[in-house]
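Two complexes come next, and they have one chain in common, chain A, joined by chain B in the first and chain C in the second.
Here is the complex of A and B:
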């Protein structure tokens, strides 16, 4: 393609990306480098049905003047990133100095909100992503081996978890694992412990969230693999059969290598999706046991007093996290591309 | 059931036709955002009755109102022309300067609104209250009688009663409570901490002061109560706790006055359960005299960023929303209405008892919301047993300080 043609060809999407992805990211970065003006607090008398009390309020006129002078607020550089609710630089170094051993250091670090969120986010990402790949692949191979007549309905039912809205899907599982729900009661019988409650235990809540993650995302991997299975070279498969390869060997030496590029694609999508795990934590009301970076952003914006800079800083950290996670895959893809 | 629905429908029709004549709005758009419980539905419906020629009245009532109302009122023109709010949420709106002082509209159309309903901040009327609310005791009188215990008046007695009920095998988890991690849990802390006589901030500053003996005693009491709750208590909000009570699993709990009606009506529970639920006053703790609860009012505001015509229409529609006409047999018990013609029903006993007992209102400070959020995110660690009370309080203070610095309060 000529350079000029290429330019006109990609122009619309470039403009859209610039407007809808790049500009918002820049605005988030700018926001995260600023904090609000020092509040002008005045003492006032508040009166209501329960009598009058002395309280304080924000002097809006003074605030307006400050805002007119500096609409973005005070420039704070990386202070918000370094504070305790984010990277907690000071607390980490203190913990490092004080801690007697690794265990102690670890528990102190995990008490900080950002690292606590990070620990669950990473555990979720690295456990759910491979499981999604494996489960999706198994379903795809199974469906591909099924009789043609029933394939349609099977594909439909396998895709259902992905079609259900995440909030609703997790609510369904939330009620099923309730101590009095179908799954919850079954677990109590299996474990022989009538007191067992998934929602009350941190490890079990983690398992539940990850189970949900796999349940919800496996259909995506399945449908991509299933499409890939339709393009497996039948000649190669037949020659493998003639060479005496059994079913497992056919999968191992013919199908899996063929589907490898798709695996990269699914892994990429899933790493990104799982790193911003959010809905199940809200639906499962699991924030006492597990938090994620996205949940922190939601929590900052959802409180009675909104913390925009804090949310912006966490967003930027999330973007950096996604970039780091994807870098090995991207580098690999780039190498493959250059080799060609 | 059918008859009941018909009467409600008839009442609504009657109300709206009356209201239409009385609203006096010529044109304008009214859009209401608010929390979702029966009393607020009543107000919003009565405001909606003002809709007609050139007047549009919409409402969005949701439990997630706190997450959207600031954003929905910041634009110009604002998406919402009125927010139905309470003590703490009014502060959140005023922090962002999105509500309009009502003095001029009151001067013009204020007749009929009692002075005691006006919420003034620094001499300016910022909201009009229409109901009072507080968390008080709700209990099953049959279960307490069977266990042979008196109705508790303190949290210590509540614990003792819970122990008897459990030991006698009447209920496995006799206590309930809206302890859902986040806002609800922090609210329980605020109640209990006030009951212990604690102060949230160093006098005259925004520096937190919760890591003290009162704070530790508060957390320990919350944990002691939680031992008698459904093990999933950290996931239970008011709705879920009410469901536990209606399912007959809970004998004693601290619940919002505005939700008692749902407990005592004949829907969602067996007769044995709903007919035995009684509302009591707020409890005290640790020998204190101030109840471990907070008083709340619910009221309405008018957005700053709407045209004068819309502001006037909103004022009139909301005024109609809280007119004495909304009080019917059906709505009377929904809340402690601060409206002329209101006669208390038994479900409202708790809130009256709370007012009489000298319960403190929820603090209206611009930075209280930040401390509330910090508490909601940190004290669950103590309840789960993964850290000490001091550590949880220190964490909450540190999280608050970081947030308050970013917001310019410290």
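Here is the complex of A and C:
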């Protein structure tokens, strides 16, 4: 294809991505290096018959002028990154000096908003992803062994948890685990504790969020693995059988190697999606026990005062996180490509 | 002739059936439970006394006289004007899907036919964009949208969602077009068509299976989005999902939880129908990326 034709064909989607993805990234980076202007305050002395009083008012005109001169706000360098709501450099070094042992240091660090969000996001990503792979594989093997007639309906119901809006899906689960809901009361009976409430306990909230994550994403792994199982080479399987491989050995030496490339694909998609975990935290009203990076950004932007610089700094840190997460894949693709 | 190793032991059979039953209950039960419960009053759906109340509807009977009530639906659709949000969602989804597919088919086709090195870079950049959480872009949008008075309107949300949709749409359609033999459009060009005519008269008629599958996923992205639409739409222009989140803020008032439950069922119903009709396309779409590797 000629360069010119290619250019015209990709123009619409390139312009869309340039204007609404690339330019905003630049704008987010620039914003994170600035903070809003402080309002210019003037003090006026009012003198009357009973003495003088000092009054301070906002100089609207001067504030406006300042905004016009520097529409982005005051340049602050990396101050926003270093403040208490982000990397909290000061608090971390203080905690480092004061803490007696690792445990103490860790618990102090995890009280800081950014590290709290980071720890949950990472825990969620690296616990849910492997579980999704395992659960999806087990379901795929089970469905593959089932009678053909019931496979269609099973696939239909399996698609539901994945396709349904994440906010809605997590609400449905949340209402059931409520202390007054059906699962909640069942847990109370099982634990023998009538006061048990998942919402009130940090570890249980974490477990609940991760359970939701697996419930939501396992169907994806299941469908991909199930499609992979349909293409297993029957001859190889048969020769393995003739050579005396039992069922487990067949799975271990024929099926799993066949599914390995699919595993890389599912893991990559899951890492990207789990790192942005956000909706369940809103639905579960779990922010007291667990926050994520995406949730912090949303929280900064949705408050009474929109904290744009703070949200921008968290966004940049999140993008860096995604880049680190993706770098092994990118490096591998680059190597494959240069070899060609 | 039966092969001994292919027959399953009874134990293995039981294990397989258990896995299937447990998974089916986990996947389907929450939806059935919520659907059933949406026709009850709050005292039954969240029953302090006995969870079985939500099955029998004891309090619903005493409060309304019948075992089923449409009060939640009445509250959501009539009192809280959920219908407006539904119309907004329909508008947003319709435009997002049409525009994304138009841009995506052109781009995806070009990416599948060009043999130059830059197509690789184009796709890699799209992959990086796909990996970024959309909410990270919002603080970049807001100042500009406020300045140009674009904030809060449906067309703005449509533009943003189209752009966020592009990386995925390009990847998906790129792999679909790769499967359409090159000879088809090249022979049309030998016969005197230019590139665009070859695309229009030869490729367009055979591309629909791929386009429909991609369209389904574009629709899901627009329909399910919460982070972006919640931040850039004003209260009057809200789509359904942010509207439900709005119900949650006001749950202190008795009965409002049931509005949210009814709204949740209303949002899930179209998806249910969609999966039923397009199950095959969805499955093929999910595996399309994987088979390519």
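Convention: the second predicted complex is superposed on the first by the 285 of 340 C-alpha atoms of A that agree within 3 Å, B and C clash if a C-alpha of one lies under 4 Å from a C-alpha of the other, contacts with A are read in each partner's own complex, and residues count from 1 in each chain.
The rule is simple: a residue touches a chain if its C-beta (ideal position, glycine included) is under 8 Å from a C-beta of that chain, and two chains touch if they have at least 3 such contacts.
From a predicted model like this one, the values you see are computed outputs, not experimental measurements.
Within the superposed three-chain model, A:142 lies in touch with chain C and out of touch with chain B [touch as defined at top].
Legend: residue contacts after superposition of the two complexes on their common chain; A:301 is shown touching both chain B and chain C. Of the two partner chains placed by the overlay, chain B and chain C both lie in contact with A:178. In the superposition on chain A, contact is made by A:330 with chain C only, not with chain B. In the superposition on chain A, A:287 contacts chain B only, with no contact to chain C. Contacts of A:85 after superposition: chain B is touched, whereas chain C is not reached. More chain A residues lie in contact with C than with the other chain of the pair chain B and chain C. Residue overlap on chain A between its contacts with chain B in one complex and with chain C in the other: 178, 285, 301-302, 306.
Within the complex formed with chain C, the residues of chain A that make contact are 1-3, 5-6, 9-10, 12-14, 16-17, 19-21, 23-28, 31, 138-139, 142-143, 145-146, 152, 154-161, 163-168, 171-173, 175-176, 178, 180-182, 185-186, 215, 219-220, 223-224, 227-228, 241, 246-247, 261-262, 265-266, 269, 272, 275-276, 278-279, 282-283, 285, 293-294, 297-298, 300-302, 306, 308, 311-312, 315-316, 318-319, 322-323, 325-326, 330, 333, 337. Across the complex, chain C meets chain A through its residues 3, 5-6, 8, 12, 16, 19-20, 23-24, 26-28, 30-31, 33-34, 45-48, 51, 54, 102-104, 106-107, 109-111, 113-116, 119-120, 122, 124, 126-144, 159-160, 162-164, 166-167, 169-170, 195-196, 220, 223-224, 226-227, 230-231, 241, 244-245, 248, 260-261, 264, 267-268, 271-272, 274-276, 279, 282-283, 286-287, 289-291, 293. Residues of chain A that touch chain B in their complex: 35-39, 41-42, 44-50, 53, 55-58, 60, 63-64, 73-74, 76, 80, 83-85, 91, 111, 113, 178-179, 195, 197, 199-200, 202, 284-289, 299, 301-307, 309-310. Residue ranges of chain B in contact with chain A, taken from their complex: 64, 66-67, 70, 87-89, 91-92, 94-97, 116-123, 129, 132, 180-182, 206, 230-235, 237, 295, 297, 338, 355, 361, 363-367, 369-370, 372-373, 377, 380-381, 383-384, 386-387, 391, 395, 398-399, 401-403, 405-409.
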